[in-house]
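I'd like to ask you about the structure that follows.
Per-chain residue numbering starts at 1, and chain names A, B, C and D are given in the order in which the chains are listed.
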Amino acid sequence: MIYEGKQKIWSDYQKDIPDDHYFYVRSCIRQSIFPASEMVFLDITRNKLQKDFFETEHHTTCGGIAYHSDAIPQETAMTIIARQFALMHKYGYENYVCSCITSFGLYTETLETWREFPELEAKIKEKLWESCKLEFAKPKYLAHASDIIYKFRNQIAQQAKFKLINKKTGEPLRVVEHIGCHYSKMFPSKGFGGAEYPYVLAGMIEAWGGEVIDYPERRHCCGFGFRQYFVQTNRGYSLSNTHKKFESMEPYKPDMIITNCPGCPYFLDRWQYVISETEGKTYGQDGHGIPVFTYEEVAGLVLGYDPWDLGLQVHQVGVEPLLDKMGIPYNPENKFKGLNNKDLGRPELPSCASL
Amino acid sequence: MEERIAGGYDPFVLPFMIGIVFILTYLLIALIRIICIMPKSDRKRLGLSLLKPKIIYKNIKDIFGDCLLHLKIFKCNPLLGYMHASIAFGWFMLIVIGHIEVALFTPQRNGIIYYPLFYRYFVAEQTPTPKGSLFFFLMDFFLLIVLSGIGLAMLKRIRSSALGMKRTTKPCVADRIALYCLWAIFPLRLLAEGFTAEISGGGFLTKSTNTLLANFFGNDINVLPMWWAYSIVLGLFFLALPFSRYMHIPTEPLYILLRNAGIKPSHPRKGIAEAEIYSCSSCGICLDACPMNTQKKNIKYSSVYFIRFLRKNNTQKTNEIADKCLMCGKCVAACPVSVDSCALKQSQRSTITNKLPYNYSFLNDVTIHSETHISDINAQSGSDNNNVLYFAGCMTHLTPAIIKSMTSIFETVKEKYVFADKDGGICCGRPLILAGRTDAAKEVIEKNRELVRNSGCKTIVLSCPICMKVFKEEYNLQGVTILHHTQYINNLILQGRLKLNKSEESFVYHDPCELGRGCNIYNEPRNVISAIGELKKADKEKDKSICCGGSLGSLTLDYADRTQITRESLQALTIENPDKIVTACPLCLKTFGDQSDTPVIDIAQAVADNIK
Amino acid sequence: MTGFGYSLTPSSRINLDDKDKEKWNKLIDLEPDVLKCMACGSCTASCTAGIFTKTSLRSAILYLQNGQEKQAMEYVKSCLLCGKCFMVCPRAINTRHLLLSISKIYTLK
Amino acid sequence: MKTDLYKNYIKNANTHRMNNNVIIIGGGPSGLEASAQLHKMGYKVFLIEKDSQLGGHLAKWDRLFPDSIEAKSILENILENINGVKYFLNTEVESITLLDKEYNVILSNGTTIPATAILVACGFDLFPAEKKEEYGYGIYDHVITNADLENWFKTGLDDRIVKNPKRIGFVHCVGSRDEKAGNRYCSKVCCATAVKQACEVKEAFPDAEVFCFYMDLRMFGKGYEELYLKAQKDYGVRFIRGRVSEVAENIDKQLVIKAEDTLSGKPVKVTLDLLVLMAGMKNCVSSAKIANLFSLKTDEYGFFTGKDSIYKLQYSNKEGIFHAGACTGPKTLPESLHEARAAALAIDNYIKSLE
């Protein structure tokens, strides 16, 4: 792998991200599965980076899951999106930041479609007024939340308490970055680094001391694929795709996986457990799985947040070996304690892949 | 004549005796082995055949004609025929007359095996008698005949072209020993009898030899050494015989018996095959017959070498040659011993290909195209049973001109026919047989037979000679007339159902291997062509016709070599500059069509073009 | 082990890294013409058995090239050796010998 | 006396040739050949080459399809005939003015040349293979282009080619017939080049397996189909009908190729030790500048358009300016040479017509 070659591509795929004042919208899936991630994101950006992030309870789903499952027509999805943009406008913002990759992809797709087909934009404008009586507006900048962390990765590195470095050996951790398919595969120019060698997560890893792993199936989908997971008979297919990725990354002995999509960490994490149960195979060291994180979780760890405050206890693959490697202190007893030390109960211990 | 040596024995007979005892024992064991290895049905067949007067007559005729007089070689090459006949028949007569001598003059020595051979040494005529002179003359006469044959044989070895052979076989070591012994036997006999003639008396040859030699060498010292030499050479010959090509001398009569009994080889080394391969005299006539041999590199694939390697059990070589052969049958037609090397090669292929897996379960679903074609509804049509079943065959579907012509002929004569494989049928099975896959072929044949039987047709017309051969030989369709379209058209002409214009065009007819040598159909196509134009002669015709090169017989012959054969064949066809080349096989038509400068058409096309 | 009601789906991908070259090389030795195929499909189009089955020399060669021996045999097992494919092959591939050779080599244990 | 008269006659008949300058832009095969022809006719020829050597791509090539003639020998043949032609290396056209049927051309080296006719023969550039990011040219260690391979054939120097490669792949149509790469056209020569190079590389590494991934095999010229057969029969090159869509590098730095074997309708994966990208032809980098300076018409890809595509291909839309070779579209070498001769004749006729 010739690093200079990649750098050239990275320099070709850059985009403008405003410095401040963002309208932030959450992700349906992440709110339920990785709730702490969005909390940490807002905490970091607001309190550590001193940025203005606004969010409103009136924000709804973008309709992406229904759209990609062919449950709603495009116009419906577009009208929902137009409403989110209208809310942003209503609250006086023009920089739209979303937490979800599916949403990001759909927003990009919608904006591009409107650009190509102005008559469709006009129609949606009308529909928005008919249904919500809101004023149509388009964001000046559209960014994914990972773009924000990417933009401020070096500031985060300056405030870092821990690095993506094996504290014992001093060597950088080997990190697999997995980019959500809808981040840049549809519109390569809309993502940092383009579609072939996206830089958005790789940049964070580099800035925080880790080493990026380039494995053959790095481009492959996590296996979610919407319909492949939603329909139970198809789940074997979803599983097989995840399996393919792990088989491909195995020789590189990754220490961790970082993702920037709602579905990916979920499937890369949960399917490791299923593979270990059905195939008897694990991909991490000593019979463990490879811990999977969202980029906010990693940013949080680097900045010294308590692992259990980051919600790492809800991961299927135990994160403790990684915390040990990075030298992050944690109290094992607190792992399953919720608010006010309320016992959350312990998961039935899987036969492998977890701690 | 009276016995000269008391006891009728001399040690010099010993080498001969060793030889003769060895060879007789060997032959007996070999015979028992062949009979034992033969499938039971074949044994039964052989036994029954030996009781049938018709076959007995044919056996005697063939043994005389083929083994002694070599009439087949005579037919194609008189000088070569004479060479073979003089040695075989001459020697045979020497033995027969020798025995008569013993029986007449020294009946007390009857049954002593060496006695007739060394008769002149043991017996002398003190006073000339007419009877004695007659025998002296007869024996000398046949000896002379044999010697003349030996002389020609030596000439052939030195210059094969002198005897009309382009090539001759390369002998192996045992062949050489036996050959030189054979060459030496009769001159030595002449010398031995010559030196002895002063004592024993002799005829025109021995007596004059005596006169000539006595002057130079003196008699007494040479008599015994010459008899010793004669005996030793004979003994050596017999010892070398089983390992040499001359094994054909004792084997051929057995092969004739087996062949006439109608037995066919099922394995390249069992039963009749064993007799067949030892019947090959390695004469090399097949070398010139083989169409592949216009290229020197292919000579090693000739039948004679195939049989030689078969004898040596060299499986690799036999497989290689068997796979290369075009199976055109030219060598079989030319073989003086009628060794069916194609059948042997086919069974050699079977040893491998019959083991290969196949799955013909699809055959169950195959049905015949059942639509009856009646060109004119007012036409007089007999009962359904008189329907003609037209089976074009796989290859014919690649030559739509044949199908179109046949359809037009059927319509012209208002034939009520069923076009069996109009929408494609299954293969006839012959290509499988040619590849040695006889077991697989059986399934296909069975299915086709069922289809033909179910159609209820009493006549089947075939356009492909490959189908023709297998239909005739393997299909067992009693009550159904099997006709190739050449025969069918010829019948139509003879019956007056088809009226043709005689054109100004001249045609040459190419005999397809499978139709000519395969089915013995030579005259019908020629009659048909004569009815539509002038029939010109080809350089090689009928059973000497050269394969078109497209044969399905060869498994490994490459395209360049095939093309060479095609050119060769076309050259032989066009020596008289015919306007068109006519053939009767879709494969020949397509193969020639690709290479020929002269237009090539099928006989059906030629006929359809000239319908009145 | 826990059952989930679904499991890994087997891959349909051809992995040329895993191809058994030994048999393929043997086939080339026996009938080098196999290399000449340009996948025109003439053989399949005119195949006698092809009317009733999926017999296709073109496909068989392709599958063998890809190392999928079992599938390849499906395309030749019903061949009648009639030789039409030899007549129509634009590259004069000795198809009948190739078919026999395929059967010979790929059924050897 | 008689010969003198004759010579005189000839001299008079061709005075138009001696009095007129012709400028030829581009020192590749067609520019050189046209120079040689015009020079022989008696014109004063000025050849302008932006590179530091003459010969264009031909000078960088090792052998030529279909019968592997050495490129060097062809170039030597061409160069033999340009003695007496004035040429400038490392030089480009700076400006041009038209003064009464005569062009005044100023070169980057400051020279000013008046010319009656100008032949544009600026040729083509190889498609920059790194633009097809998915193939990883300039990123993976063992991916090279057709030009790199030719250079290796010539010099034996290229670190990217390992000592004993087990498997080598060729990707046809890199940057050709590709809407995404902006080139819908077929580059014409890459198929034959790939097949030629496949044979040559097999000669260099007899134990290697060689794969050619093609969409359509366009072996259109005399001897090309035979070359294809030879590659299959004598070199055992495996042709797979399917375009490589993804290349990845594994931990051993080998290349993992994904394509579809479209003939069996199945995805194919193969691991290679060397991947050769058949970069197609694109318009020359300076063609836009030339087109601008001379007001010449180009097609959507930047290739010059002749007056028509069949009969007047050598004539540009401007009086006195002509085209030859690959500057009007992908051409084979013999075509370029023939066009050069045709252009020379067209120029001669044009200048004659001015008298």
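Here is the rule we go by: contacts are C-beta pairs under 8 Å (C-beta built on N, C-alpha and C of every residue); 3 or more make two chains touch, one makes a residue touch a chain.
What you are looking at is a predicted structure, and each value in this text was computed from that prediction instead of being measured.
K.L.:
With contacts counted as defined, which of the two, A-C or C-D, has more C-beta pairs across the interface?
P.N.:
C-D
K.L.:
Cα centroid separation between chain B and chain D, in whole Å?
P.N.:
Roughly 66 Å, centre to centre.
K.L.:
What's the distance between the Cα centroids of chain A and chain B, rounded to whole Å?
P.N.:
It comes to 86 Å between the two C-alpha centres.
K.L.:
Can you give the whole-Å distance between the Cα centres of chain A and chain C?
P.N.:
Each chain's C-alpha centroid was found; their separation is 47 Å.
K.L.:
Give, as an integer number of Å, the spacing between the C-alpha centres of chain D and chain C.
P.N.:
Once rounded, the distance between the two centres reads 40 Å.
K.L.:
Of all possible chain pairs, which ones touch?
P.N.:
Pairs satisfying the touch definition: A-C, A-D, B-C, C-D.
K.L.:
In their complex, what parts of chain C are in touch with chain B?
P.N.:
Chain C reaches chain B through residues 31, 46, 48-49, 51-53, 77-84, 86-88, 92, 94, 96-97, 100, 103-104, 107.
K.L.:
Under the definition above, what is the set of chain A residues touching chain C in their complex?
P.N.:
My answer: residues 232-237, 239-240, 243-244, 274-275, 277-280, 351.
K.L.:
Which bits of chain A are touching chain D when the two form their complex?
P.N.:
Listed in rising order, the residues are 1-2, 4-6, 8-9, 194-197, 214-219, 251-252.
K.L.:
Quick one: in the complex, what on chain C touches chain A?
P.N.:
1-9, 11
K.L.:
So in the complex, which bits of chain C are touching chain D?
P.N.:
For this pair, the touching residues of chain C are 12-17, 21, 28, 32, 35-39, 59, 62-63, 65-66, 91.
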